[in-house]
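Everything below concerns the one structure shown next.
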């Protein structure tokens, strides 16, 4: 009896982890209502905010935030990402099952950089209104479609119930660095809160001779490589292996974005010795 | 035995949902301490943030955020709203039981637009210090009164324990649109993060001949009606049925507030064909 | 059987409360990934945000936010504070057990104002990589060291497992007010969201003759003492006993910081009658 009850309760009470990545901000009630909808369907959901201050409509920033964070969550987590300037129009809504996670969001590429690192098991268009709120607004599918679908998914509804199988999902192009001889040329793709400039150069992918390059050239400057911020004097710039595995340009104790006057798309070159 | 244990545990472990709507912001520790106080009393509380960036002291903005979101939470949820410029003074503190929810906050109108849509069952003044923190500050009743009362309420303390019955609660006037013939004249009451301008015109309340009006007149402009943002070209304005059921003025891919230079109180007219 | 199961389940399901105080902001994915890491180790963790908008690298502001809030959480809570400009360098990482709580963070003083009010039971350097993520970045120990250590601690790993005992931790000096005769001279140490200016003068520590002083002198002004904001007319300044037990300078319905043009370090004098 005891074992049986324990097993049943374990299933019943096991945590259902759902993450949210949106451009809804936190000054309005939008994210709160999504959580209310989800908890009404699945009261055991543990909902974690990844980011809500994605610039309005900036699909690439949302895709990057999700790709940088999703793999730090336990297997089985359901990741919901809603940066959705085309809400209410022709773009599809999808759920994607991978070897480790489920993903739910608009099919506009916001999921694609995370999905690129996962083994895809199933892709479904979200068309079964049984699992939507009713009525469905034309401007807030986060609340009316994505939140309830994620909650039903976390409650054990099989992904096949949500709509027809799709062969593919929309993919955002990743700005690949260019390689010429031993040189690697890349660009700035993101600034974080601290003003660190994240580049598209994956440190692991650098040719081994360039793993410890002596020079980063950027806007006429030559930057040293360091392992952490205080490897250079306060106020000085350096390049380092950022926490997402991408080369970053930083200033010890300051904002590289401001001090070096950087903008998205600025070019840099890694030159091995 | 199994059934009995399961039933007891279900009661014991069932989720106690509490929402928070405040003007405390998230840069200080205020909201965190409210959660600490609540979890100390009711460790099973699931606390959901609706909004904390209500402009300081803006009771109407708080009332609007709560009214737009409360009904998306499951029955039994306890909604706490604290926008409280009169804290420590003469205004009462109240708890209100409705057919579906409980509400806790200062009696200054911040609860009133949500309560207007609910069937009221009981109104109580919060006066029983047994359920307050001790000592009680004169400037942070969110932490010292509203948080512990909400937590005790979620733990099963009957609302009658908190203080004497009241006959009524403070109500904020809702700015009703004016109707002249088939025309409906309203105004802008809220801007969301995206710069969408929410009006006081409830789309459902428009006369049926006006449900599909051909013209919205606003500041000398004539705006088309659409169903979603991309119904017009990028950068163009439209009016649509917003996600709260109110007519909204939006710009596809932009901020209506900025592009149309709108402010709270700006007038608009819906003119049926 | 029933009692046994209930007891086992109680232990298994009891809430593991962890708080977070950081300068990571909420616009990036940093805090979300910390939560993912923790929930992967301890799925029952209830994680509460105290503050994430601590100004980048401002150890004192982080220490103050933690000191103002930690004691409102139930006994057994694990407090994680990460304001860590020296990340990846020589500063130690520590866990501290006190009579009531556990604290986890860099040993740079960010924990010290909270710890000053607690009875210290054990201090450990975090050196056992068994309890870290692997690989460990050099720039994000919040995710790679502090989050997993806090989660293991909440799962019952004894603090002695994380590394060698330390005799002490780094302490930030607290700016003590000066007393001359009956006068107490202090300074502004923090502004909250509302523009209230928190001083270093603990109201409880004022000489009893000064508990109800008639004058606060500040920048050539004489401010009245009140008990709550509306004790003075709208737009007028006053001094009051703030919610953290420290003397605050406030303006009824406005920002004292803006209206009185205050800055951190501004001096004030409490003069008893």
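Think of it as A, B and C in the order they're written, each chain with its own count starting at 1.
Going forward, contacts are C-beta pairs under 8 Å (C-beta built on N, C-alpha and C of every residue); 3 or more make two chains touch, one makes a residue touch a chain.
Keep in mind that what you see is a predicted model, and the values were worked out from it rather than measured.
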May I ask you to list the chain groups that still touch, directly or through other chains, once chain B is left out? one piece
What angle of turn lays chain B on top of chain C when you fit their CA atoms, given in steps of 5 degrees? 120
CA centre of chain A versus CA centre of chain C: separation in Å? 30
Could you list which residues of chain B touch at least two other chains? 1, 5, 9, 13, 26
For the complex, give me every residue of chain C touching chain A. 1, 4-5, 8-9, 13, 24-33, 35-37, 39-40, 43-44, 56-57, 85-89, 137-140, 143-144
In the complex, the residues of chain A that touch chain C are 1-2, 5-6, 9, 13-15, 17, 19, 21, 26, 46, 48-53, 65-66, 68-69, 72-74, 77, 192-194, 227-231, 240-243, 248, 250, 253, 255
